[in-house]
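The following pair of complexes shares a single chain, subunit A, combined with subunit B in the former and subunit C in the latter.
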Partner chain A sequence: MMVRGPKGHAGLGGGTDLPVLLPAAERLQRRSERERLLGAPRLRLRGRDLAWLCLMLICFTGYAEAQAAAAGREPISIALLRWVPLLFQGFVFNIVISVLSMALGTVLGVVLGLMQISLLPPIRFSSWFVTQFFRNAPWLVLLFYCIFLLPFEIRAFGMRIPFPDWIKAIIGLSLPVMANVSEIVRGAVRSIPSGQWEAAESLAFNRNQTIWKIILPQCVKRMLPPWMNLYAILTMATVLASIVGVSEVMTLARRVLAAEVRNDLLIPLYGMILVWFFVYCYPIARLTQWLERRYAVKL
Partner chain B sequence: MLRTTVSVTALALGCLLVGAPEAQADVMEAIKERGTIVVGIRADYRPYGYLGPNGENIGIEPTLARDVAERLGVDYEFVPVVAANRMEFLQQGRIDLMIATMTDTAERRRVVNIVEPNYYSSGTNLLARKGIGVSAWEDLRDRPICAIQGAFYNRKTQEEFGANLIAFTGTAEVLTALQQGRCQAFVYDDSFIQARLQEPEWADYEMPVETIDDAPWGLAVAHGEDNFYAFMSEVIEDWHRTGKIIALEEEYGVDPIPFTRRMHEEFSAN
Partner chain C sequence: MSAAWSESDPIVDIRDVHKSFGPVQVLAGVSLSMPMRSTACIIGPSGSGKSTLLRCINALVPIEKGSIKVRGIEVNDPKVDILNLRRRVGMVFQQYNLFPHKTALQNVMMAPITVLKQDRAEVEERARRLLRKVRLEGKEDAYPGELSGGQQQRVAIARSLAMSPEVMLFDEVTAALDPETVKEVLITIRELAEEGMTCLLVTHEMGFAREVADHIYFTDRGLIVEHGPPKEFFSNPRDPRTREFLGQIL
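Our next item is the complex of A and B:
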């Protein structure tokens, strides 16, 4: 027998007659509605999760601290604090890399995405190919290509313009971003009901005007959540640059560990970096969810 | 399409610039003109090259590099390198000089110009828990052994002694893996292992086998830089004569190794 809720929705979390469950039922119902729209259960991160993560790390550090004290060594927290300024600089560098490659990737991706909806088949096909190629290539492989194929300096007109690794890393990371943004743009344009195109045409807008004045403004809010999602993923991927020798936070962490020559620092140190990334990416994830809710298409 | 054209052009341009032979006649001239010498050093190998809390490069080799800059009357710039990329950087011309704990081997001499005389030396040994039943290199067969990526003895350990090699990028990862029992021994430079064995944490561990491949370390310049080679050669001789390297070993808490003592005696005698 089906349980009918106050609003007549059926199924799990869809409502209840039991007064004590009413507040939760409302929330669960909203959630299951969203999940039905999404077609998949959504991962929900809460402030609680961060608290758990921190608690775990504090416990572990405390345990390692006690061991260090027993072995008559310098406490871990002091050793760690000494390196925090340096490591934090490295972390800021990661953020800089992520922001710049996102900016570059977005500009290129929007161009590529608009090319994908071009009426000219060669442009449409070639941009489709580039998009698919970079979207389906491993990020690290692209990074390797950029680091080792691009020169370390450019000699032009008798000048030496250095071309440091971190700029190459930005270029390398912006390629997959470009391809993903291209798909986001194409998808958003395609999601606008065809009635909009037809209406614009009947009002004598040409194609250019239709795209820039009618379609794209409606796309922006649809593109924002996936774009922010992509940014969060990119931020977490910036640590890949450590493999190709950019002095970002992971590279520095490894050097710090080598300078300290004590391996009980390993897990607290990496744990600290983990928390930094979480603290940075979590608000972005929350904001994305909020925007998704706000801009959700009401059917 | 624009994108493809641009990226293809960029890549082609890149290949052209990387592939082009060095147009500069002499790196010494280039260094003086620039006013800076770019030195490849290690930033992850205490005490030879590591980071200070403010991010500055310290250690025996950065000090030697600073000395070279001083002798040339120029500034210095450090580029941290690892075993896997140091020779490529020198070949590309990204660094002018490499002082990066590199063992002098015939294979490497073909790639870069290793300056004589050598400035340091180390051998290969194992760090293993006592009582695991390894007393000779041949006992490593089919055992999981930790190593550092890019070390020249990795191949030998794997092919000749038949060990299952697990290679990491940094020593901290290896030491953790060793303590967790993911591998039974760590094959590395004996100077590093000796330093660990003096710490109470490693009291249960030992160097169970004889040191092999005791080979000198060489600093290197790019092939074809004969002037710079001659200059560096004199600098190293002077380091040995004045006992600078021994003094640095003492400063950084290493017992002076037999090699540096022998070189000091040899060069100060004549």
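Our next item is the complex of A and C:
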């Protein structure tokens, strides 16, 4: 395990562990295979990238700061700091949206995924279709559909339940999550060796007992890395909600820039938001990789 | 149906069973019958349908024609009480197939609790006793991944026994083991047979078959070519295919 490279290239039949020395085609193929297992492109966030990003931002801000001082304008850092509380609230809103969409999408996705392994062909086929449809639809299109097709309030039992845009955005984002979770569940169930089903069956377990007591508990481990990867991707996708007018961090950033009539704020401001997202998603991506490698060793 | 069965009747009664997978005919009219408390071994070349036959007995694989009766229960009956059948027939596989997320003890306890809804404390006591019986005392809390092949296979045997079956099916249970551990598993099976469990084994261990079996069946291409008590079978095989097979293996 010690020789395993940072991307887990160990065990290549006596080959090298250095990714650079692998023929490119082979490397790409291996990468696409891993991503197929994961069900989505894997986020490759590296600490090195964050360091570069920060360095570039500091250099640029320093340069702009010097120019601002020369021109007698208010320093950029002061202007930026003034807006940090508001923007950070927006960022927290993004996180809230991501957590709620993930929760909703996971619940729906698990149900859909279980339907995909049903013995009844109509259920199996329809859930497969729904899964493929939402998995391959652009996220933004789904978001638009939800924003414009869902009513702004629901009337039930003589009460009016308002349905604000941010809730619609959560629903819209949870649809692709649902489809991806459905595939993750199906893939994990299919990866369990058939001997497990046979053993359970020979011990007189019925199908439900087999699925809930034997198969799914073993799947949880295998589902965790792709599920966390999906969450990191979703978190980054929450900024799509700004396009449909939810006041999350990007919307607020645009308003701030409109209020402060100066161009040199643009790069430091968006750069700061970028860093926040990176800092939030980086540990998740690393943990995903670590779990992936750990379980790969065990299997 | 089971009311008509008495202990002097065969506990496993297989008549003219046919089974195909698509165009491949795997069983082409197999008949076999086992009295209670007897031990039979099935030997034969690879692909001759031995595993399929065992799987048919506990209805893991449906048959197309013929009849299989276990303790008078017709397995081929579409209305068969599958739970009632499978609790009477234990099965052990070549690849152990233990549940990797459960400890040895939990593996043994699971089916009686989940399927038969038996009392947990009672089941636990029985499970500990069974693990002791297969000489795995002290390994109760080990996960399958922490056990050797032979130990895993003995947990699998204990797991089947926990359902208190009346017939045990063993499908090449020592084929995946290294030579030193084969012995400990065979000892366990022999003890079971000596205690009066009805055992049906598919095996390549000819010495073991000769020693424990009351009856040997030789299969080739979906048919039972020859069968008889081990002494006769091994010393005086009549069919040329049997002779060829024994010549290769002994």
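The rule we apply is simple: the second predicted complex is superposed on the first by the 249 of 299 C-alpha atoms of A that agree within 3 Å, B and C clash if a C-alpha of one lies under 4 Å from a C-alpha of the other, contacts with A are read in each partner's own complex, and residues count from 1 in each chain.
Simple rule for what comes next: contacts are C-beta pairs under 8 Å (C-beta built on N, C-alpha and C of every residue); 3 or more make two chains touch, one makes a residue touch a chain.
What you see is a predicted model; the values in this text were computed from it and never measured.
Participant: I want to verify the contact counts: of subunit B and subunit C, which reaches more residues of subunit A?
Facilitator: Subunit A has more residues touched by B than by the other partner.
Participant: Applying the touch criterion given at the start, work out whether A:S247 contacts subunit B, subunit C, both or neither, answering first, second, both or neither.
Facilitator: Touch partner of A:S247: subunit B, not subunit C.
Participant: Now for A:E198: first (subunit B), second (subunit C), both, or neither, which partner does it touch?
Facilitator: A:E198: touches subunit C, not subunit B.
Participant: In the superposed arrangement, does A:Q289 touch subunit B (first), subunit C (second), both or neither?
Facilitator: Neither partner.
Participant: Could you look at A:S32 and tell me whether it touches subunit B, subunit C, both or neither (first, second, both, neither)?
Facilitator: Neither: A:S32 stays clear of subunit B and subunit C.
Participant: Examine A:S127 and indicate which partner it touches, taking first as subunit B and second as subunit C; both and neither are also allowed.
Facilitator: first
Participant: Where on subunit A is subunit B touching in the complex?
Facilitator: It comes out as residues 71-72, 82-83, 85-86, 89, 108, 111-112, 115, 122-123, 126-127, 130, 149-155, 178, 245, 247, 252, 254-263, 265-266.
Participant: Taking the touch rule as given, give the residues of subunit B at its contact with subunit A in the complex, in rising order.
Facilitator: 1-4, 10-11, 13-15, 17-18, 43-46, 50-55, 80, 82, 85, 92-94, 169-173, 175-176, 179, 195-196, 200-201
Participant: Help me check something: in the complex, which residues belonging to subunit C touch subunit A?
Facilitator: On the subunit C side, the touching residues are 58, 60, 82-83, 86-87, 89-91, 93, 95, 97-101, 110-111, 114-116, 145, 156, 159-160, 163.
Participant: Note which residues of subunit A are touching subunit C in the complex, please.
Facilitator: For subunit A paired with subunit C, touching residues are 193, 195-196, 198-206, 209, 213-214, 217-218, 298.
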